[in-house]
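One chain, subunit A, links the two complexes that follow: it is found with subunit B in the first and with subunit C in the second.
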Partner chain A sequence: MNIYVLMKRTFDTEEKIALSGGKINEDGAEFIINPYDEYAIEEAIQVRDANGGEVTVISVGNEETEKQLRTALAMGADKAVLINIEDEIENGDQFTTAKILAEYLKDKDADLIIGGNVAIDNASGQVGPRVAELLTIPYVTTITKLEIDGTNVTVTRDVEGDAEVIETSLPLLVTAQQGLNEPRYPSLPGIMKAKKKPLEELELDDLDLEEEDVEAKTKTIEIYLPPKKEAGRVLTGDLNEQVQELVQLLHTEAKVI
Partner chain B sequence: MNFELDEDILFLKKNVRDFIQTEVEAVAMQIEEENHIPERVINLSKEMGLFGLSIPEEYGGLGIDMVGKCALYEEIGQTHNGYTTLIGAHTGIGTVGIVEMGNEQQKRKYLPDMANGEKIGAFALTEPAAGSNAANLKTTAVRKGDKYIINGLKHYITNATEASVFTVMAATDPEKGSKGITSFIVEKDFPGFQVGAVEKKMGLRGSHSAECIFEDCEVPVENVLGVEGQGYVNALKILTNGRAGLASRNLGSCLKLLDMSTRYARERIQFGKPIIRNQAVSHMLAEMAVEIEALRSFTYRVAWMVDQGMKVIKEAAMLKLYGSEVYNRVADKAVQIHGGLGYIADYPIERFFRDARITRIYEGTSEIQKNIIAGQLEKEYN
Partner chain C sequence: MSRKVLVLGEVRDGSLRNVSFEAIAAARTVAEGGEVVGVLVGESVSALGAELVQYGADRVVVVENDKLKQYTSDGFAQALVAVIEQEKPEGLVLGHTALGKDLSPKIAGKLSSGLISDATAVEEAGGNIVFTRPIYSGKAFEKKIVTDGLIFATVRPNNIAPLAKDESRTGEVSSLSVDVKDLRAIIKEVVRKASEGVDLSEAKVVISGGRGVKSADGFEPLKELAKVLGGAVGASRGACDADYCDYSLQIGQTGKVVTPDLYIACGISGAIQHLAGMSNSKVIVAINKDPEANIFKVADYGIVGDLFEVVPLLTEEFKKLKVHS
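Moving on, here comes the complex of A and B:
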């Protein structure tokens, strides 16, 4: 089976994030594999181990992304592909990424493509579905279970806490939700072996793409941190009055009802 | 001169760190309370390949040098020392004998299973009458056809309850004293071998040290490790080269204590200001940091010397001594900085304080290290 994983390098949102000059300050930030993509990598490895085949992890990123790709190889992926757009594209968006990935994948005869449900940085959840649309293959998002029998696939997907079971077939793109599996730690011998696994580096040119072909469809106007949480307010007095006051505040101050 | 670890080792180190800090730290209190390391953590550690970190690649291990091993031990030392000891004793004294003195057949037979953690290793030298004076051991091995028959009692043997493979020192020619000792590879299922009483200890909970009882224990001749009569030298070699490893685990614990102490001193307010604003406290932190930095440099220097194949008898003894004493001083200051909290078992500081104490005793007491250092010094002037 020919399996591809879409992987993004993101900053660790559990670490402190600082802005400078209207951008997220990357100095001193910790970078990781997008956690949802870790589920994708783990699932791909399990599917390969059960069905045979090969796992290739692809990332659209910059030179630094090699670290995360090496980690994926150390976990057990067979090959990695880095599409380095650092020099050509300053402000890409989900369209940019999806277009590049689809261009790379279009002649690869992928049986199964697995991505993360969202990336924890921009959290659009669009890249997976967009790639599937461009490749004109079916897709299922936020999956928590994947069963493959020949070319028949049964997928369980998380719908806001409920489970929906979908029957479909390969070729297929799915995006991983938390709960799909427990990603393994890259083993130490795996890390040593990963050094010898192929990691291909491509640029837009290699995909016959021009900068205009992948120009972002959106524009970021401003980036700001969420407002600091302010101290709560304690209402006092008779319970009836408190309720009245609360309802009024929800109308006039919080403007939520 | 180059003080940087190479990139591969840094990458391994980071991955070990992530694993230790998420998986092992999460159960550190549980290990302490239950005196048991959860299977899940042991299995994950096996999958990680931690049990094979001192075994060459061709036998299924990681195949890294001493400097690399120390870099990983530094991370493994930053958590519960019972866990650290399980891994440390297995990958150190438990396997190094076979790696360094074993013949090809023995390596093929034992190392792959030891590398994946399927078989745990232990090292059995100490006896009731032979502690610091290890050459005084009373356990005997008598050749009978194609077997040796071992009789005797070892005690305080770390990992004895978990181990399947023991490196055992016994007298094959008691008349000859230290030159009449031979080392053997003993499997736990060999007839006549038995693990005896498990000790209750001051610390290192989760790690177990126990008696090993040999009653007409039959060991095939092919399980002689190295040359007959060289067992005492073998034991000293295993211990000597292990000393950088032990020091780097101590270094890890020291780093953890400095980290916790500095954070606490910045946060804890007394007399209207963080206690770190008192010179009495900040100077304790400064002293800890200096000694830790010196230990770090010394550890990697000795590890580097081992990798160069240099003779390290004196330096390894100095490092064993220094690393253990620094760990104890750092742990004592960490308790002091934490005040009452440093004495309370809901918090890890008192555990490190107890666990630090053994490092001045096992693998050769601090006094014995000084004897070795002085002996070497004297030789240099001969």
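Moving on, here comes the complex of A and C:
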């Protein structure tokens, strides 16, 4: 089976966020594989181990992204592809990324494409379905279970807490929700092997794309931090009195009840 | 510049979701005096058209087909694109719900349009329609405009105030026939897990439990309180990992993002993972035994104490308040 994983390198949002020059300051910040994409990588490896085939992890990013791709290879992916757009695209959006990925994938005869359902930095959740639409293949988002039998696929999907069981078929794109699996940590032998696994680096030119073909369709005009919240009030006194005071405060001061 | 703007009315269990009324309010801003047209897609949904009008739509286009009884991205996209082809709007607004998240990128792809997902505010500024959306797990915000295609956005539930319902408002409800075909992913079964009671993402009040609830039974007092306040129950990752509750309740960086009017965190330490899912709530109450717990730093009001003592007292006190008011 020919399996592709769409991976994004993201800022670890557990980091403190600061602005510099109107942008998020990335200096010294920790970068990680988007956590939802870790589920995608794990699932791809499991599907390959059960059905045979090959897992290729693709990322649209910059040269730093090689580190996260090597981690994916160390987890067990077979090949990695970095589409480096650092020099050409300054302000891409989800259309940009989806268009580039679809252009790469269009002649690859992918049976299964797996991505995370959302990236924790920009959190739009658009790229997976946009890629499927460009490739004219079906997709199922926020999946928690994937069963493949020949070309028939049964998927369980998380819908705001309820579960939908969906029947569909390959070729297919799915996006991973938490609960799909427990992503493995790269083992030491895995890390050693990953150094020798193929990691191809491409640029827009290699995909016959011009900058205007992938020009963003949205524009960020301002980034700002939310106003700092003032320290709240910790109530004191007898517990019964505290509870009464809290209910009064919520009713008359905060006016939420 | 006035525009025609479509809004998809989302139907669940036979009723329109609140977020659809919020989407109409957003569409009114996008329309700048132009027409707001509601769209209903389903098997038998035309009776709901009047309510979309009462909340601010000027008229409604309904696509009914037995193949649209359940949501599928293929079926709903065919229906919505047919309405777009008929109406030729300049704007489109959906709720940022499971359906909206799944469907909107497909529509944007089909129309080769920009899309701004998960907007929490919309305004006209300097000749542009500007959307505000949280990024980096709510630790920062960005203002964004669409530069190509429709002015197309999904709006996060509970953030944009709906217009007041006006039962005297009337508008045309017309139907459009669409040949729905080639559905490539079919729903075989829906297993209800979370949707007993109030929907977590749309709830005005959320009562949330962490490791401090200690067991599945420990959620009982929280459920009681939620019932009295008409709210929903949520959980931290810690509580889910410990198997005290289903992952469908998880609020956080992984899990759901909620922005209720009132968020009551019970026995939750306040890890960054959790704060990412609730820190934009309007009012936060923390109940925790540990006075040093991080959750007190984001709380508006805090009580240091055992949740098993505090929560039942709160429930009683809220009951009294309800009787008096």
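Brief remarks follow.
The rule is simple: the second predicted complex is superposed on the first by the 229 of 257 C-alpha atoms of A that agree within 3 Å, B and C clash if a C-alpha of one lies under 4 Å from a C-alpha of the other, contacts with A are read in each partner's own complex, and residues count from 1 in each chain.
The rule we apply is simple: contacts are C-beta pairs under 8 Å (C-beta built on N, C-alpha and C of every residue); 3 or more make two chains touch, one makes a residue touch a chain.
Everything quoted here is computed from the prediction, not taken from an experiment.
Annotation for subunit A, partner touching more residues between subunit B and subunit C: C. Interface of subunit C with subunit A (complex): residues 73-74, 97-98, 101-102, 104-106, 108-110, 112-118, 128, 130, 134-149, 184-195, 199-201, 204-205, 229, 246-250, 253-256, 261-262, 272-273, 276, 280, 282-286, 291, 296-305, 309-310, 313-314, 317-318, 321, 325. Those residues of subunit A lying in contact with subunit C across their complex are 11, 13-14, 17, 19, 24, 35-36, 93-95, 98, 120-130, 132-134, 138-142, 154-155, 158-169, 178-179, 215-226, 229, 231-235, 239-240, 242-244, 246-247, 249-251, 254, 256-257. By the touch rule above, subunit A contacts subunit B in their complex via residues 67, 70-71, 74, 184-192, 195. The part of subunit B that touches subunit A in the complex is made up of residues 8, 11-12, 15-16, 18-19, 23, 44, 47-50, 52-53, 57, 60-63, 72.
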